[in-house]
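Read from first to last, the chains carry the letters A, B, C, D, E and F; within each, the first residue is number 1.
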């Protein structure tokens, strides 16, 4: 099992969700967790104006999608995320990153099930 | 060492905290980190109304509890979380999930201590 | 590759960012993700007052910094974080913690690159 | 399409000198100002509760504008200001739905009676809304609505008759209540206690960390309350005959209102500074309200320096009362009793101490007025307390008073109203 | 440095009895109150949109204060209230920039004309801002600004002339519109529909979960609107000659305004309760506005109980209209048509049904007024709809009406205005 | 309990025609409106700072209502409007605590003197609060409170005497300041600069990304300020004798206020559009305030078109001044100098250029008034600057002016006041 953590542009969340749905949605196994994060990468933050003075925050708003997966779904999920999260026309700085972490155990609280079937 | 990540119902946070306290609180080792996340699982989001029209958000608010643990505490912690986070009467969709990740290193910033004693 | 997760005091974020920049900023590899979390540790929450009655929240606001790194950068990053996040005069309760997780894969969404060069 | 109204009655003796339009202008303004106090109260209270209950708390005030707004027109005015029966109750069927009041009907030869109906109606609206602060975060919305309809009809309207109608028995005994210290604040504050006894504490009180969701709202509400209170108090000059309404008494009431609020706000944060080393924004807002409450019954009867003293002492008493709550561990969520009950009672008594304009108080060497005031406070408190217990109990035994455990835990906004106050996340 | 003005004209016959200052006091107050409705509207609308569009939505109202504030002084007043030409348009070049109006010039021998200019100017400001609710979250800011300048000049100003100027053709036909049911609400509501046809739906409508960012703002806005509306309606007594402005008609209009708003708010949440089991805060705010809209044309012509009926029925009709929207899937973002179009039309017709003060309606046994009202509504609706289509199309074909796909997705606040509404994160 | 006051003095010659109630109605309303500006300012400023300082910033305004509210009654009015001494200072011990002013004492035979005391008192409250914008996010709360008490007593009250009291030396020289361009805005803006010199910059300025926590508040505040300013300016007609207060001059001042604000708001966002391609909500709010500030000294002396020009130019000058700040890198947090100092000075000079009602300016061919205005601005600026330096230095050397490094970093709300503005997280 793996924990796939993708940091993406907020506006891509819906697209990523749909893409993941299409590759994962077998036996209701499509589940994920989303949270708002602030990213610091090569992309500069948005410029805002305060009475004519530009103010640039160092951080840009990103969304982090976390999804626990059985091994065979990892590659399809990565491909799906890349497809949906990449800016049209070959990608742009700020498109984000995917991290894959080893997952030792997974427990469904409702039933107490463990392992791959609990994911 | 493991990093236990539990995604639970917000209203269960206090119960989970107490349950963890009871199994972990030896030598002050009861520490955890909490954050608000949005979950997408089998559970549907809450229905709100806008002038009579139901609006259902796809995401439901969840709380993610992260806790770094020495190996021997992992099972007691899992059991405690399940006990406290599961809906009365056999659990319900939306009760959440626990992920266990391998933790290679842990550092206490205050002292620079490392490993199991720093957790 | 490792995923370094540091939970620090919010007011130390700028210092930590600068410290990381100084050890990491080679070939533009300085990237990180920040989020607000609530910590429960030995430190008590701030006291607020409601018409003269003190109210103490159990949780204290912390900032979690997540950074994916190639192995050789892990130690310098840990040292830098400790240096910048520790309270002057030998550290204080609430200074925070660093977790190091194994990272199996890393994908740059923009280009599809994988592994160490995508970090 | 010009409209020509019968103007004969309008040009009555007093008004022949032309104060009619000026008086009416001020009373229209005052009525609008008092209406604005209701959203002001909604903000004041709404900011203090937890995020999950901000809307239901604000709705407690807004729904009073809706239901008491209607009740007052239908029967409230008839009960409070209809023809007197034995000093105990008013009733004139021509006031039912206001059908017997033509636009040109005058009140005291000074303003159109409809304007007086409106002015008084705003008082009727805000009074039950004040109570809501005590039961915030746990009362069931439908029960609250039922409660305020009954309370307004059975407690407020008769009490207003006793104190303000010319035939009312307390009025005839000479109890002074310029703008509602007993009728409004004592009655609301004491009723709050009665309701709390029936409702019990919030599940997280006093152990949980209950923190206000948005003190900016509370400050804003306090600002609107201060602003609106000028109408509440200076508009109450309408009851003084023989001079223009927008005249000396209104000017005096305006001044004492301002003075008491300022002094009370200052004293409250000084107390906090002494007690906790933290002068708070909630404290300045609370002091403002405490001062305004306390000066309400006295506004047109005392001179500005005494108003300052009334305000200052009000903060001491109210701050003390609130500390008692923390000791006694009863759960008056937003201190409706601590501020309105205590402040209102103090103000009513203080009127008997400091009055010197149009009446003589203790400082003028006469104790009679003070005793009358004591009577007024006692009667209002006793009546409101007993009446609220009865009404509250009746509701508790029928449809219930309290939200369910789960509603309280998850928040009344989403569970009862199907809404969240804020959606501020970008996700 | 004392100023001595020529007072002869001021002391005109009617005013000799001294109502001058009283009238002027009330009209100054009313004008200020109507101005406050614009920030009130900004809050009402701003709370309902998503966080990413809160500022641009509020700016739709604020920028109307800026541009129509200037336009009205320059040409608007001259078009609406200048010398009549064939009943169709006003124009007096001395009104250009108000240069021909001295401070002592009087209006109707009752108040300084400048005060009347101001009072009317606030109506001109708020009317186009009402439309903005329909096109929120997708219209381009510059196009919106251009639109309201043209709309105000070409639609609102002439319509105001037809209905309110003494030479206007609808005025002469006896169409009644006390404070703007047709001129303000029907015209805005119907224009909203025309603009929606040109603009299309928001990309996330109706499938996305579009939730209001801050209902506290919406409630606060509704409170300010209610407060300000007393100026809107009771100030409109200025048009009634032969009695003091701050007199019987103002008192009546004040009362009907209050009554209708209360009844409508109550009925709206009762409907929600029946329909969805959830009485909402957005519902109470919407009911308030629906009631205020509906009573606007009737305020000085009906007695309070009928105003209550007008308000109650308004909520039924507006609630129904909003449900239709969900069925028909057109995207009137914040229900400018559902509330202002429907409520305004109902109110204008209801005036013909219930009027009994200064005119006789259906309930008085005469159908003539109802037919006049029907004419007024039809003309206003037809003119505003057609005119808006033309103006909107012209803008669409030149600078375009709609924000880009990306601006709409990322939010108009940051992309067009370079700002975020809130920075509430500690990070 | 009817109150009968001595009415003889009230029915003075001028008032015999009945304007008394109307005048008083308008002045009561105006006083209430000016009070509301203080919460308005709290919102305007509070929205612009970072979340961690929102409460302390709002408290800067609220605490002025408390302390200056008390100070004005105790000594302020006596200093500003007591019997003149050498044109330099006022003092009447009967004004101490207002004990010598009975409710029936009249001011200018037009209104009760208490109402005048109240009206002027609100000006005394808001002026020091304006300064707080310059020192936001770093001044120590207790030092701020001490500062405004001293500043009000030693700078504001004498200055008000010089310009507005009939014996004041600038008044006698014919310096015009209708509603406070020099007394209020120049003095506040210039004092801001003096304080900044003593305080230094915020630790994150200019390098950190300091972003406003809640521009909705700022817009709301601007709306309330605009609304309240009608009282500020049109209420200042009280100083014009020989006509009703709610009369031509009030009408004129109301009109110029509206006109200047609208024009300034429009010009400000046009400038932003040209400069940055982003018309901002903060810009429209800033423009509104700049226009209102600039028209304040001129309001009753100029015709509406010139008011429009005054407003438009004010935005150009203030926008420019704010850009200079970014260049010079001094830290006037919320541009108290850039908006109030610059706008107020421009307005005072513009009065000398454009005045034509009751005085003749440059456009009327006379330079004398302009020179008088120049004198007024210079004296007010010099006096306020020097005085603030002295007071500020005294505080700096005793209890200190600035919050600690840690308080500033963690936010003044939690460290000084023990509160957070918002608790909006569900966790």
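What we mean here is this: contacts are C-beta pairs under 8 Å (C-beta built on N, C-alpha and C of every residue); 3 or more make two chains touch, one makes a residue touch a chain.
Because the structure is a prediction, the values reported are computed rather than measured.
Engineer: Along touching chains only, what is the step distance from subunit D to subunit F?
Structural biologist: 1
Engineer: For B-E, which listed pair, C-F, A-F or A-E, repeats its interface with over half of the contact pairs the same?
Structural biologist: Answer for B-E: the repeating interface is A-F.
Engineer: So, what's the distance in Å between the C-alpha centres of subunit D and subunit B?
Structural biologist: 46
Engineer: Roughly how far is subunit A from subunit C, going centre to centre by Cα mean, in whole Å?
Structural biologist: That pair's centroid distance is 20 Å.
Engineer: Which residue numbers or ranges of subunit D touch two or more of the other chains?
Structural biologist: If we look for residues of subunit D contacting two or more partner chains, we find 17-23, 25-26, 29, 211-212, 214, 220, 276, 278, 280, 282, 418-420, 422, 424-427.
Engineer: Could you check subunit C for residues that touch two or more other chains and list them?
Structural biologist: Counting only residues that touch two or more other chains, subunit C contributes 34-36, 38, 48-49, 58-59, 101-102.
Engineer: Residue numbers of subunit E touching subunit B in their complex, please.
Structural biologist: 209-212, 271-272, 275-276, 278, 280, 282-283, 286, 319, 322-323, 326, 335, 338
Engineer: Going by the contact rule at the top, pick out the subunit C residues touching subunit D in the complex.
Structural biologist: Within the complex, subunit C contacts subunit D at residues 45, 48-58.
Engineer: For subunit C, which residues are in contact with subunit B within the complex?
Structural biologist: Spelled out, the residues of subunit C in touch with subunit B are 2, 6-8, 35-42, 58-59, 62, 64, 78, 81-82, 85-87, 91-102.
Engineer: What does subunit A use to touch subunit E in their complex?
Structural biologist: 11, 38, 46-49, 59
Engineer: Can you list the residues on subunit F that touch subunit C in the complex?
Structural biologist: Residues in contact with subunit C: 409-410, 414, 418-420, 425, 427.
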